[in-house]
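Both of the next two complexes hold chain A, though its partner changes from chain B to chain C.
Let's turn to the complex of A and B:
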């Protein structure tokens, strides 16, 4: 079949809907991020606009990135590769489109809730109770479509991408319910120290059981195709999958090493944080050996280029993360911008860049036409790459300044004037990322709806 | 290993269940719910203030989690699990763009907080906190009740002290300029009152003092030291007008002591955590030199001159 025929045969409305969702929320989320970064440079900036005040726009930024941009982007790719890997049609495009629409309504309701001051005040679990339920329903709709498609497969063997995608949505629906304490609608929280333990179990699993596996699934799908190489090792895929599920779920308490939680829990979280090198390196060895000697092919495909870059960030962010769980390191890095840098490396540098790669890989295949502009996609690649690399450097420097000063007995106020130039640099780098996001939105919208390119 | 849908789903779900049970439920079930010695329940108004704190994301910049190696505000009390038993949700936080607030209650009197919420730079010129004037008077008052309860029983003790000295300082202020200056000097221990500023006045030292003044003092005392900084309308007794101290025998030692320890009850905080000795002496001399127009810097008795002195 030609790409055009293939695209018509599948319909692909669901993948298209989630692609647009992701590109749109990337633009919104970076706008929220810019506003928040603006407050750090000039705190009186838009000082009396209640709904985008720093304490509200920051959780809007984080939740829009997690549940608006990255997750739907990775899900869009999954809606493309799942039917193809299983040699069948998607169970229901109508259900899929409905799930995408409902997903957008849920995220928008979450933004409105936080903007209006109904945040539940728990990092990564801010969204109000009603929105929590809507998010879980959104995941539920996606799960039904994934699992029913698996059920009607004609391909008996499940490829590793399928394992990750199925596990990620099912596990996240569970941890989301648990982490947001949905059985207590008024506060959405437990009381005391156990609330912190639960919160970070959930918060870290947003990354460990949702973004990482979904992103790895995309990398496992795209890179072998783009380089026309078989996957290096099935055994490594297996070890990587099971070790990821086991190790990642143990490490949330490394956010609480300096808090009165049981010592055995801290010990487990430190040991497993170091053990994270196993799933990470197993995946990287597997995927890097797969594309070994084929970097020209990676470069030629804009989707693969993004995704390969994501794997490099996956390496850095995880080695750094293992280090940060060591108590001696954490005495300096905790509570400051080092961690903000780390979070951006993980969520944007790895998962976000991988999601973008997934979008660019599937776009020509779901529309049956070439990308509206390869140039704009490359332009976005460099904007995002320079932005995120700059973020990593600047925020790490800020973190070291803060952490060392505090540890040596300087008060927080003493350090503030010296941070100004770094926050200005960070704002400028954020501008690159935001321009990248809007460029991407334009390119995606043109590719989906106003693409004058000839059908391939 | 053959990965079938059943293997994947049953496998990952049973792993998640087992791990959630050990890593979350077990510590929850084993939790020690004994209140710590500073614990008390919050009043309804404090709870209402806490809700404002939660809904406006104060936690993104203010931790409530004092560690064994902290030095800043609240570090006298290393956090214990019994401090948090009524916190739902707990607000430990993950970042300190502002100071930790575990023990913020009673660090300052209410009027300092009101001015600070209207615009944080009024009381802390180098603050990065956005203003909260839009909350309106009523919600700012409620939020202040919560902040003043942070530290619970320990905060109550500090608030008692604030209230006691607030009354004393108002009495002194209302007795007139002369009596107020005398009262301020009398609060300083005897030994400190007779000490002149041991550092010599120099152009460089005045420059440094000027910079410290701008970072820490200008919001209340104003650019010309007349106590008419932007915080002034919210603060009572109002910020001291330094120019009224001329001819009232205010020694360098008195100024140093009041900057170091602050004047509890008034909006004047202590600066001994923020500033080292030389910085306090030099900003003190800046005030004495420019605003009081009388400096005793490097007067006798001064002991052996330090090696670096001109």
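Let's turn to the complex of A and C:
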């Protein structure tokens, strides 16, 4: 079948809807990020617009990247590869499109809620109670579609990407419910230390059991196709999957090493954080061996290029993460911009870049036409890459300055003038990423709806 | 008293994972691994492998340099942290 025939045979409306969702929220989310970064340069910047105070725009930024940009981007790719790997049709395109629409309504309602001040004030769980329920329903709709497609498969073996994608959405629906304490609608929280433990159990699972597995699934699917080589080892990939399920689930307490939580929990979290080396290296060895000697092919496909770059960030963010879970290191790196640097490396450098790669990989395949502009996609690649690498360096430096000052008992305000230049650099780097996001939105929208390219 | 709940949750998670694992084992998900490696490959006429262009090579070097910056930053930080921590 030619790509054009293939795309009509499958319809792909769901993948298209989630693709557009992701590109759109990427643009909004970076805009919120720029506003937040603006406050760090000039604290009274827009001081009298209450809806976008730092305390509101920061959670808007974070929730928009997590639930608006990265997750839908990875889900778009999943709606493409799941039916193909299982040699069947998607269970229901109508349900899929409905879930995408509902998803957007939920995220938009969350943004409005936080902007109006209805935040629940717990990091990564700020969205108001009603929106929490809507998000869980959105995940539920996606789960039904995934699992029913798996049931109707004609290929008996589940490829590793299927394992990762299915586990990610099911586990996230559960941990989201628990972590947001939905059975207490008035506060959305427990009291005291147990709340912190539960919150970070959930918070870390957003990166570990949602973004990481969904992104690995995309890499496992795209890179073999782009390099036209079989996966180096499928057994190894399954070992990686099961070890990730075992060690990643209980490391949330490494966010609380300097909090009076029980020592046994801290110990488990530190041991498992270091043990994360196993699933991470299993994945990297597997995927790097698969593409070994085929970098030309990786460069030839813009999607694969993004995703390969994502794997490099994956390496860094995990090595760094394992170190940050060591109490001696964390004495310096905790409570400052070092962690914000790590967060951007993980959520943007690894998961976000992989999501973008997934979008560019599937776009020509779901529309049956070439990308509107390969040049713009390349342009976005460099803007995002330079932006995120700059973020990593600048925020790491800021973190070290802050960490050392804190450690030596320096008064906070005396460190601030020294930090100003770094925050200005960060703001400028953010501009690159934001321009990249809008460029991407234009390219995606053109590719989906106003594509005059000849059918492939 | 919250940790009984937490332990109960972890136990349930573990039990469900084990259940799924044995389902997979019994359904032969760990067999036929050789064929599984080829599952993503589409049945399309394959074009000749692309060569790494000059631009591509420059990009690779650029990427490598960026990666080294990251590594250097991380290494510095860890050395700092470990030598300063008492």
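Here is the rule we go by: the second predicted complex is superposed on the first by the 456 of 456 C-alpha atoms of A that agree within 3 Å, B and C clash if a C-alpha of one lies under 4 Å from a C-alpha of the other, contacts with A are read in each partner's own complex, and residues count from 1 in each chain.
Throughout what follows, a contact is a pair of C-beta atoms (placed from the backbone, for glycine too) under 8 Å apart; a residue touches a chain by one contact, two chains touch by 3 or more.
Note that the structure is a prediction, hence the values are computed from the model and not measured.
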Chain B and chain C placed together on chain A: clash or fit? clash
Exercise for review: Would you check which partner chain A:194 touches, where first means chain B only, second means chain C only, and both and neither mean what they say?
Suggested key: both
- Query: Is A:250 touching the first partner chain B, the second partner chain C, both, or neither of them?
  - Reply: both
Task: Check whether A:147 is in contact with chain B, with chain C, with both or with neither, and answer first, second, both or neither.
output: first
Looking at A:411, would you say it contacts chain B, chain C, both, or neither? Reply first, second, both or neither. first
Requested in this report: Figure out whether A:262 sits in contact with chain B (first) or chain C (second), or with both, or with neither.
Outcome: both
The clashing stretch of chain B against chain C, among 8-16, 224-232 or 278-286, is 8-16
Going through chain A, the residues touched by chain B and also by chain C turn out to be 158, 160, 178, 190, 194, 197-198, 201, 238, 242, 245-246, 249-250, 262, 331, 407
The residues of chain A that touch chain B in their complex are 39-40, 43-45, 47-50, 53-56, 58-59, 117-123, 147, 150-151, 158, 160, 163, 166-167, 170-171, 174-175, 178, 187-199, 201, 209, 238, 242, 245-246, 249-250, 252-253, 255-256, 258-262, 265, 268, 331, 335-337, 339-340, 402, 406-407, 409-414, 416-417, 419
Note: in the complex, chain C contacts chain A through residues 2-3, 6, 9-10, 13, 17, 21, 24, 27-30, 32-42, 46, 49-53, 56, 59-60, 63, 66-67, 69-71, 73-74, 76-78, 80-82, 84-85
Within the complex, chain A is touched by chain B residues 1, 3-5, 8-9, 11-13, 15-16, 19-20, 23-24, 27-28, 30-31, 33, 53-61, 63, 65, 67-73, 79-81, 84-99, 119-121, 124, 126-131, 133-134, 215-216, 273-274
The chain A residues in contact with chain C across the complex are 81, 84-85, 155-161, 178, 190, 194, 197-198, 201, 220-222, 224-225, 228, 230-235, 238, 242, 245-246, 249-250, 262, 294-297, 299-300, 309, 312, 316, 319-320, 323, 328-329, 331-333, 338, 345, 385, 389, 392-393, 396-397, 399-400, 403-404, 407
